[in-house]
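As C-alpha cells, the structure follows; a few thoughts come after it.
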Amino acid sequence: MSLDISFIGILIGSIMASSVPLILAASGELITERSGVLNLGVEGMMIIGAISGFALMVITDNLFIAILGSMLSGVIISLIFGFLTQSLLTNHVATGLALTIFGIGLSAMLGKNFVGIPGKEFPILFLSLRESIPFFGPILFGHSIVLYFAFALPFLTNYFLKKTKLGLVVRAVGDSPVSASNQGINVILVRYCCILYGGAMCGLAGAYLSLIYTPQWIENMTAGRGWIALALVVFATWSPIKVLIGALIFGGITILQLHMQAIGFRIPVQFLSALPYLMTIIVLVVISRDSRKIKLNTPTSLGRIFYKEK
Amino acid sequence: MALYFFTPFIAIILTILGGGIIFYILGFNPIESLKFYFITPISNLYGFSELLLKATPLCLIAIGLSFCFKSNNWNIGAEGQLTFGAIVGGGVALLFYNQEGFYILPLVIIAGAIGGMFFALIPAILKTYFNTNEILVSLMLVYVSKLLLDYLVVGPWSNPEGFNFPETRQFSDSSRMPLLFEGLRIHAGIFLALAAVMLSWFILYKTYLGFQIKVSGLSLKTAKYAGFKGKTMILVVFMISGACAGLAGVGEIAGPIGQLHRMISPDYGFTAIIVAFLGRLNPFGIIFASLVVALTYLGAETAQIFLQIPKYTGQVFQGMILFFLLASDYLLFFKVKILNLKKNELRH
Amino acid sequence: MATDLRISNISKIYPGCVANDNVSLQFKSGKIYALLGENGAGKSTLVKILSGVISPDNGEVFLNEKNLKLSSPLDAKKNKIGMVFQHFNLFETLSVFENLSIDATEDNKSLRVRINEILKKYNFNIELDVPVLNLSAGQKQKVEIIRCLLRSPKVLIMDEPTSVLTEQETEELFISLKKFCGEGILIIYITHKLKEVLSLCDEVAVMRKGKVVSVSHTQNERVETLANKMVGQKLAKIKKKINISKNKDEIFKVKHLNFYSDDPFETNLVNLNFSVKKGECLGIAGISGNGQNELFQILSGEIITPDTSIIFRNKEIAKLNPKQRREYLMAFSPEDRISQAAVPELKIYENVALNNFKSSNFFEKGLVNEKKIKEHSKKILSDFSVNTDNVELKSQFLSGGNLQKLILGRELITAPELLICYNPTWGLDVGAINYIHETLIKINDQEKSTILISTDTEELLKLSDRIAVIYKGKLSKIMPSEEVTPEKLGVLMGGGSID
C-alpha cells in the first residue's frame, strides 16, 4: 500500500511539473487580457523564451542569466505585438497570429546550432526532504525554484488584481478604456505594460521547458502549450486561481495519458486530451448566454482597438 | 484605393529586406540566402509545380476565409475545418480502399467539403444562438479535430498491415486526385482552387448574397436598416469557409499524401489567414498572395537542403509579411479614422 | 472661499460647423447656473472644454483669476472642476468602491470612511461592494457625484443629468444639488429642460448655434420666454397649404407601441398611439434622446416590439422587417445618413441597391442586375438633381446635401405610400434644405403621406399638417399645426405642459 501512496505522490509531483509552463503563460496572458488586449501570440512568445533561455545557458553557462534572458526575450518579442496593436492600432487577432507564426520560425532559425546539445542540470530544492517523506515529499519538495514561483504566481496575480491600485487600473482599462482615459489613465501605457509582462511570463514558461522540464532544445518544443494556455484563460473565466486549478487539470490529463499509454489502458488518450478544449468551449457557451455573466466575467473591451480622440 | 492594393507589395519588399537582415545577423550571406529562398525553388519546372501544389490549399482556404473576414466574422479555425474535412473525405476514401470507380473521387471530394462545412457550423451556430466568441471556439476546435485525426490514424483506422505506424491504408487510385503531368506532383485539386476563385468572385461581386456580405462587413447598421437576415448570413459565410477548408484538406490527402496520417497539413489553415489578408480578401489578390506565401514554404525547404537552415524559417517570412502588411495598413486606417472623426464631430 | 469661474472668448471650430463662437460667461459660487440650449447649440462642446476632454481653438478659462491650462481631464481634476457626464465614466464590472478608489490618493480605509460620511450626509443609499453593473441609472449618477465630491470640488458641472433619471430620482438630485450649492460649490447645470431650469437654477445662459444669446435671472423668466430664447425667433413661415380634409382615410395606424430596453441610454417608449392620413405629414417634435431613435427603428422594422399593432394600408405589418415593409410601399430615411442610410465605401449605384424592392429587379434570381441598378441610379441622380452623374462614385465623396438627395431619391423612386424620415436636413446648407423641403411637400401634394421626426422646430412648423411632441418616450396629444406656435413646441419639448 505504501508503494501505491508514494507512487501517487510522485504522480502528483509530475502533474505539478507539467502544469508549470501552463500556469506561467496563462497567468501572463491573463494580465494582458484583463487590460483588454487579446494576444494570440502566446505560443510564439513561449518558444522564443525556450530557445533564448537554452542558448544563453549554453553560451554563458549561467542559469540565472538564462532565465532572466528568456524573460527579456519574451518582453522584446511582445514589444512587436505591443507596438503594432497599441501604436499602429492593428487588429489584435491577426497580429497575435503573426507573432506565433513568426516566433516559431525565428526560434528554429536561432536554435539551429543548439539542437542536440545536452542541457544542464537545474538545481533542485529540498531534495533530501523529497526522499525522506513519503507521499508529501515528492509533492512538496524536490522541485526547481521556477515551479515554486509558478505555484505562487496565481495567488500573487490574484492579489495584484484585487488588492492593489495598479491591478485596479488594469481591470479598469480592460473594462472601459474610454472611461479610463477620461479619468486621466494612460490607457496605451497600461496596455503596453500588460503586454510586456505577458511576454515575460511566456518567455519564462518557455525557458522552463528548455531548461528544466526537458533540458534540451527541440524545434517546436512548446508543442501547442501556448494555445492550451490561451484556452486556459478562457476556461478560468479570467480568474487567476481558476487558472491554477485548470492548469493542474490540463497538466494532469497530459501525465495521465502518458501513464495510461504505458500500462496499455484502452481509453483513447486523444479524447482525454481533447477534453480541455471541449470544456473551454462549454465554459464559453455557458458564460456567453447571459449578457450580464459575460460582462462580469470577461474583460469588456477584450480585443478591441482603442483610439484616443485628440 | 490604389494604396490599398499597393501596400501588400510594400509589405513583401520589407519582408525580403527584413529576411536578408536576419540572415546576415545569423551569419549567412544575405543575397545568397535570399536567392535560395525565393529564386532557386522555382528555377525549374518541378519547383514551379511544387509551388502550385502548395499554393492550392492556401488559395482555397483563403478564398473561403475571405467570405468570413469580409463580413466581420473571425473564423480562425480553418486548420480544424481542413482536418475535419480530410477526416470525412478520408473516411469515404477508406471505405472504397479496395474498389475502383469513377464515382469514388467525387464522393470523397463532396464528403470533405461537407465535413469542413459541418465543422465550421459549430462556431457559427454558437455565435448566432449563444453569442459565443467565434475566435476562441473556432481555435479550440482546431485541436479537437487534430486529436480526433490522431485517434483515428492510431486506432480504428490505422492500417492493419502497417506495423502500428500512425497512418491509414493507402487510398485506392480511384480516390486520388488525377495528376496533371507525368513526374510532377501537381494534381487536379488546382482546378478546385481555380473554380473556387471564379465562383467566389462571382458570388462576392455578382450576387445578392455577395452584396449582403459586403454591406454587412462595412456597416452592420446599414445591413439592419436594409433588412438583411444577419443570422442566416453568418451561417452561410462560415459554411462557405468551412467547405473551402474541407476541400483543401481533401486535396492534400487525395493528392500528394494518398492516405491519412498525423501531419496532413503544415498549418495551411493558419497560414491561409495571412494569404487572405495579403490578397486583400480579393479573389485574384488571393491567387497572387497564395503563390507568394507558398514560395516561403518552398524556399524554406530549399534553404534547409542548401543552407541547413531549419524549414520552420519559412514562418519567419510569413510572420513578417503579416506584420509589415498590418503596419502599412496604419496609413490607410488613419485616413479612414480621420474621415470618421470628422463625421462624429459634425454630428455632435 | 468664494469661487469665480470665467470663460473668456472660447471658440471651437469643427470642419463645417462652429461649435463654440466666442463664448464668454462668468459664474460665481453659491448659485446654480443653467446652460440651456437645443441640440447642437454648443453646450456639450463647452462642457468638454471645461473638463479638459477637448481643447478650444481660442479663448481662456479663469478660475479665481488663475488662467487654467485644461489639456486633459487630469487638469480639470487638479483644478477642482468636477464633471458628471451624461454618459457615465464608470467601470461597470468594478465595484462601487473600486470605481471611487481608482483615482484616490489616500488609503482605502480612510477613503471608505470619507465615502460613508458623504453617503450619510446626503442621504445616498448605495452599497459600496457591488459591481456598478447592478446599480440603477440614478445610483450610477450618485457614484459619479460622490467621485466628484471626494475631491472637494469648487465647480461641479452636470451634463443633462436628468435624461436617465426617474421623476423620483430627479427630485432627489435637485435636493442634493441645492445642498452642494449651499456649501459653496459652484454648479453649472446643462439642460434643455425648461421647467428644471426654473425650479432649480438661479441664473440661466441660453446658447444657440454656438453663441450665448442671453444671460438672465430665472426669476425674470417663464417657460415661454425661455422656450422663445432657446428656439429663436423663427423666420416668417412659408407654410405649405394644408391639404388635409377631415374625412381622408387613415393609411397608417399605430396602436400600443411600447418599448422597453435594459440599456439606460435607450429611451423606453410608453404606449404611443397615432395615425397618419392619406396625403398628410405628421410631425413629431422633440429634443433628441427622447425616444426618436427607438421610434424610428420600430416604425422601420429594425426593432420588432411584441404586442404592438401597426396597420398600414389595412394590413398588419408590426412583425415585418424593413425589407418586407418596403414591399408594402413604405420608405425610410434615417437620421444617420452617412453610415446607416448609406455606406460611405460603397459606390452610388451600390447604395441605391440597398433599397431592393421586388419590382425593382435589382437582383434577379439572386444575381446582381448591374445594368438595371445603374440605370435606376442615373435616373435618381438626375430626377433629384444630385450634382454628379457618375454612378460609380463612392458615396463618401458626396456632400451631405447631395447624399441626402440620393437617399431620398432612392427611397422615393418606389413611389411609396408612406415615407418616414428622421432629421432629414441636419447639417445641410440652406439650398439643400429647401430642396428637401420642397420634395417632402411634393410628396404630400401627390396624396402620399409622410412622418417627419425632427428636432428642428422650424422645419416641423413648415412641413407638418399635424404635430405631436415626444418627451421622455411619451407622445403629447397631436395638434393641428395651425394651432401650434414655436413657443408651444418649446414648452412641450422642454417637458412643460400647455393648458
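Descriptive notes on the structure:
Order as written gives the chain letters A, B and C; numbering starts at 1 within each chain.
Note that in this section a residue touches a chain if its C-beta (ideal position, glycine included) is under 8 Å from a C-beta of that chain, and two chains touch if they have at least 3 such contacts.
The shown structure was predicted, so the numbers you read here are calculated from the model rather than taken from an experiment.
Contacts between chains leave no pair untouched here, as each chain touches all the others.
Among the other chains, the CA centroid farthest from that of subunit B is the one of C.
Which two chains touch most often is answered by the contact tally, and the pair is A-B. Mean C-alpha position of subunit A lies 48 Å from that of subunit C. Each chain gets one centre point, the mean of its Cα atoms, and the points for subunit A and subunit B are 28 Å apart. Annotation for subunit A: residues touching 2 or more other chains are 309. In subunit C, no residue reaches two or more other chains under the touch definition.
Within the complex formed with subunit B, the residues of subunit C that make contact are 14-17, 19, 40, 44, 300-302, 321-326, 332, 334, 336, 338-346, 350, 353-356, 363, 366-368, 396, 427.
Listing the residues of subunit A that touch subunit B in their complex gives 38, 40, 44, 80, 84, 88-91, 93-95, 97-112, 219-220, 224, 227, 230-231, 234, 268, 270-271, 273-274, 277-278, 280-281, 284-285, 288-289, 291, 294, 303, 307, 309. Remark: subunit B residues 22, 26, 74, 76, 126, 130-133, 135-137, 139-144, 147-148, 150-151, 154-155, 267, 270-271, 273-274, 277, 308-320, 322-323, 326-327, 329-330, 333, 337, 341 touch subunit A in the complex. Residues 165, 168-169, 171-172, 175-176, 178-185, 292, 295-296, 300, 309 of subunit A are the ones touching subunit C in the complex.
Interface residues of subunit B facing subunit C in the complex, by the touch rule stated above, are 205-211, 214-215, 218-219, 221-222, 224-229, 339, 342-343, 345-348.
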